[in-house]
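In order of appearance the chains are A, B and C, and numbering begins at 1 in each one.
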Amino acid sequence: MFKYILKRLLICIPVLITVVLIIFWMLNVLPGNPIEQMMGEKLKPDVVERLTEKWGLNDPWIVRFGRYIRDVFLHGDFGDSYKKNRPVIDLISESFPNTVKLAVSAALVAWLVGIPAGIVSAVKKNTIFDRLCMGFALCGISMPVFWAAMLLQFIFGYKLNLLPISGYTTWKHMILPAIVLGWSSSGSIARLTRSNLLEAMRNDYIRTARAKGLNEGGVIYKHALKNSMMPVVTTMAIQFAGLLSGATITETVFGIGGIGRLTVNALQTRDIPLLQGSIIFSTALIMIGNLVADIMYSFLDPRVRV
Amino acid sequence: MENNVKNTLEIKGMKTHFFTRRGVVPAVDGVDITIPKATIVGIVGESGCGKSMTAMSVMQLLQYPGRIVEGEILLDGENLVGKTKKEMCEIRGNDISMIFQEPMTSLNPVYTVGKQVTEAIMLHQDVSKEEAKRMTIDIFKKVGIPEPEKRYSSYPHQLSGGLRQRVMIGMAMVCKPKLMIADEPTTALDVTIEAQILHLMRQLRDETGTSIMMITHNLGVVAELCDYVYVMYAGKVMEAAPVKELFKNPSHPYTFGLLNSIPKITYTKDELYTIKGMVPNLQQLPSGCRFCPRCEKTMRVCTEKMPELIDIGGGHLVRCCLYDKEVVGAYE
Amino acid sequence: MTNFEKDQYQRDLAARINAADGNYQYTEDNALAEISELDTTWQRIKNMLKSNKVAMVSLIVIIAIILIAVFAPLIIPCDPYEIDLPNRIKGPTAEHLLGTDEFGRDILSRLMMGSRVSLVVGLVPTIISMGIGIVLGLVAGFSGGKVDFIIMRLADVCLAFPSILFAMLVSYTIGQNLLTIFVALSIISWAGTARIVRAQTLQLKEKEFVEAAISIGVKKRTIIFKHILPNCVPHLIVLFTMHVPSNILSESSLSFLGVGAQPPSTSWGLMVFKMKEFLASQPVGTLAPGIALLIMVLAFNFLGDGLRDAIDPTLKD
């Protein structure tokens, strides 16, 4: 078991370095001076030269990459934001709590709605309940998030004036973003729960459990559910990591100062170190999520557990 | 009443049909089977002949769209047809238990085998957890599982196929049922393991007096284990006889064919006997005798009339026009 | 915005193909269940469409959208680029059935032109990325060893990138326009396909009929096209129907963020973005493109569900 986790961790390192390399290369491959690109032509040449010198932009990109890797992995230093003139890592750690709040609230909505909805649909297969739950879930998946977010904003914030539409300070601010993001995430969870539960119900050991004299409820909750939840739980882990890495659109529409918005801002202002840092941060989170999902899977399933 | 008590199970005129989108499939079509106390009764037939469906009907575990449309299932004289779900839950695992073909998949992979057996005890008997665990280890010992204490906390994938089937038998026997239904319990096992499992089942029957319904397509298993045999074809019983009588004097052409298609070492023939054709589609059954399109002794009357079960003496019943005195008389 | 269900499906499918060992038991239950299972994939799809009304309606909706997209320049009521400032942000009128946008352009016409963007972004990157996935999956499965290892690690890298972030990255390098979205969506999402094709290749490579074919000197190309690809086709169809709606949504989100389509070209996501300030005075301008997106994505998803049930019997209820 320990060996397995270690192996997975070791595979992650080259993958992560490749990811960083791709990100770095894509952001630094453009010819021309990034400072001019960022600030426009308004700057005086001597200022440009001073800044170029300060950020070491005269070296070839591969040298800068080596320096960057060294700083990131040895010192946890992602450089300074060009625009805000502050360490990128500080900006990230300021935004992250908001993203965490959003992720947790959205995940709670997704799981508390998605899992029961999936179970109900599977147990009451092909009934009106099933159709309703699955229609709701498919709408969640198919809905453009930005559009749903705007409509809710308009109805609850503007027309009914019940909830604030922008900012992220009180619990009231958290409701609409959590509903929008939670609904779209609950769709996958509900559908996965349903299909896995139905698949588990076709297993031979379900027949054994019935032959033992267990009633239908016991068969579902004791035997089918535990088996069927394994893929669901792994998806939940990956999904949560995805939420943590920044719900770009939800954050933009609701004006939440999280990682997603930081990334969009960095892109719009062409702030390379910040863009680089936030994308690497998000990608690393996703990788950790994948890793945790795999490890969880092996803990849950005794056939994989060694 | 006197008669009923003698028999553990009596199936009378049971019909189980599947109501599919493409029409009704009569998987079991009027079957009478009697299992006396402490007897092992074999039910033999090709795939799709309705033998498993008979078992599932007795357990009342038919899956949608199947249901029992007619007949009685008497367990110790008590009709199971029409029992509520709750009543059946109390009977299943307690009075009737069942073991299945695939020991690999019949145990839940995420629970230890001990826990799965304990669950069956706790469902039907009012005992403490420790007591249930002790009973589980006892039954493991009885079904010949080495190191029962250690095996208690094994997961199914850690056991061999033979051991898993022993666990299944243990689970089935732990509440001392009146009847155990075994659906091809040895088909997926090696031949040596098969012999051990069959021996174990016979031994358990001798010790506890549990009746066994043995469903198989393997006549060797029947010869080895059973006291009485029913041969099924396309949802109907074709022949029923004490096991020795059946092997000595197979009377239905289908049984005859089945016996002849077993390879024998004692005489050589260029080609192994086979029953020609395939199991008929249950939705397009031939008129008259269901076996007649594949039968070597077809007469004209066979395509017109489905014969009744005819007693030819010595507890031997055959459903074939060859033994219908009227028919044969008319021909002669 | 990542479609987690799609990701999980790809994982599961690859794992399932890996685990399948062909120890299929022919039992009575299976025999009964399989009375209707003897048809081929295409027949099953046809039967599904006959019995599944939702999928049939979805297919009709998709065909209708395709027809609109193809003939858009011929059937649009107004010029979608004609600016008419005095008539900006007007509700529906007889002349402009869905009203006008912030420059007085006809929204219905822009909606019809926008369907082209959504369809093309839904289909083309999916085809390209699945093509890459098929080739790399075959190569990895056939070659094994180092080549296999490198390709699969590359797949890991691609799986780690959220598609929206990757698109942003690409947009920094090659500019913020539709091409960005094409490139980003084409080169990032091949990994799932590659995993499945590789799993299928590895499994089939062990099968007797392929071994026999190899042993009598059948060309590799023949083996791939005659034996391995046909076996992948059902899975690929299902994957295709999962990728298309997910790409359509990605495009609209990116255009909404300003990374994708740029004015004056039309994209439904961009239309929602441009009209969101006027939600109170001209709600149709925001509602219409959103509903159009929802209908299109729902149609693809419903059809995909139907296909998955028809093709993948393990998921059948």
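The definition used in the following text is that contacts are C-beta pairs under 8 Å (C-beta built on N, C-alpha and C of every residue); 3 or more make two chains touch, one makes a residue touch a chain.
Since the structure is predicted, the reported quantities are computational estimates derived from the model, not experimental observations.
Participant: Average the C-alpha coordinates of each chain, average all protein C-alpha coordinates together, and give the chain whose average is closest to the overall one.
Facilitator: Centre-most chain by C-alpha means: C.
Participant: Of all chains present, which has the mean Cα position farthest from that of chain A?
Facilitator: Of all the other chains, the one whose centre lies farthest from chain A is B.
Participant: What is the distance in Å between the mean C-alpha positions of chain A and chain B?
Facilitator: 54
Participant: Between chain A and chain C, what is the gap in Å from one C-alpha centre to the other?
Facilitator: The answer is 21 Å.
Participant: Can you check how far apart chain B and chain C are, centre to centre, with Cα atoms defining each centre and the answer in Å?
Facilitator: 50
Participant: Return the residues of chain B touching two or more other chains; collapse runs of consecutive numbers into ranges.
Facilitator: 102 - these are the residues of chain B that touch more than one other chain.
Participant: Chain A: which residues touch two or more other chains?
Facilitator: In chain A, nothing touches at least two other chains.
Participant: Flag every residue of chain C that touches chain A in the complex, lowest number first.
Facilitator: 1-5, 7-8, 11-12, 153, 156-157, 159-162, 164-165, 168-173, 245, 249, 252-253, 256-259, 269, 272-273, 276, 279-280, 283, 286-287, 289-290, 293-294, 297-298, 301-302, 305, 314-315, 317
Participant: Under the touch definition given earlier, write down the residues of chain A that touch chain B in their complex.
Facilitator: Interface residues on the chain A side: 203-205, 207-216, 222-223, 226-227, 300-303.
Participant: Under the touch definition given earlier, write down the residues of chain B that touch chain A in their complex.
Facilitator: Residues 59, 61, 85-86, 89-94, 97-98, 100, 102, 105-111, 116, 119-120, 123-124, 155, 157, 168, 171.
Participant: Give every residue of chain A touching chain C within the complex, in rising order.
Facilitator: It is residues 11, 14-16, 18-19, 22-23, 26-27, 29-30, 125-126, 138-139, 141-148, 150-151, 154, 158, 185, 187-188, 191-192, 195, 198-199, 231, 234-235, 238-239, 242, 245, 247-249, 252, 263-264, 267-268, 270, 275, 279, 282-283, 286-287, 290 of chain A that touch chain C.
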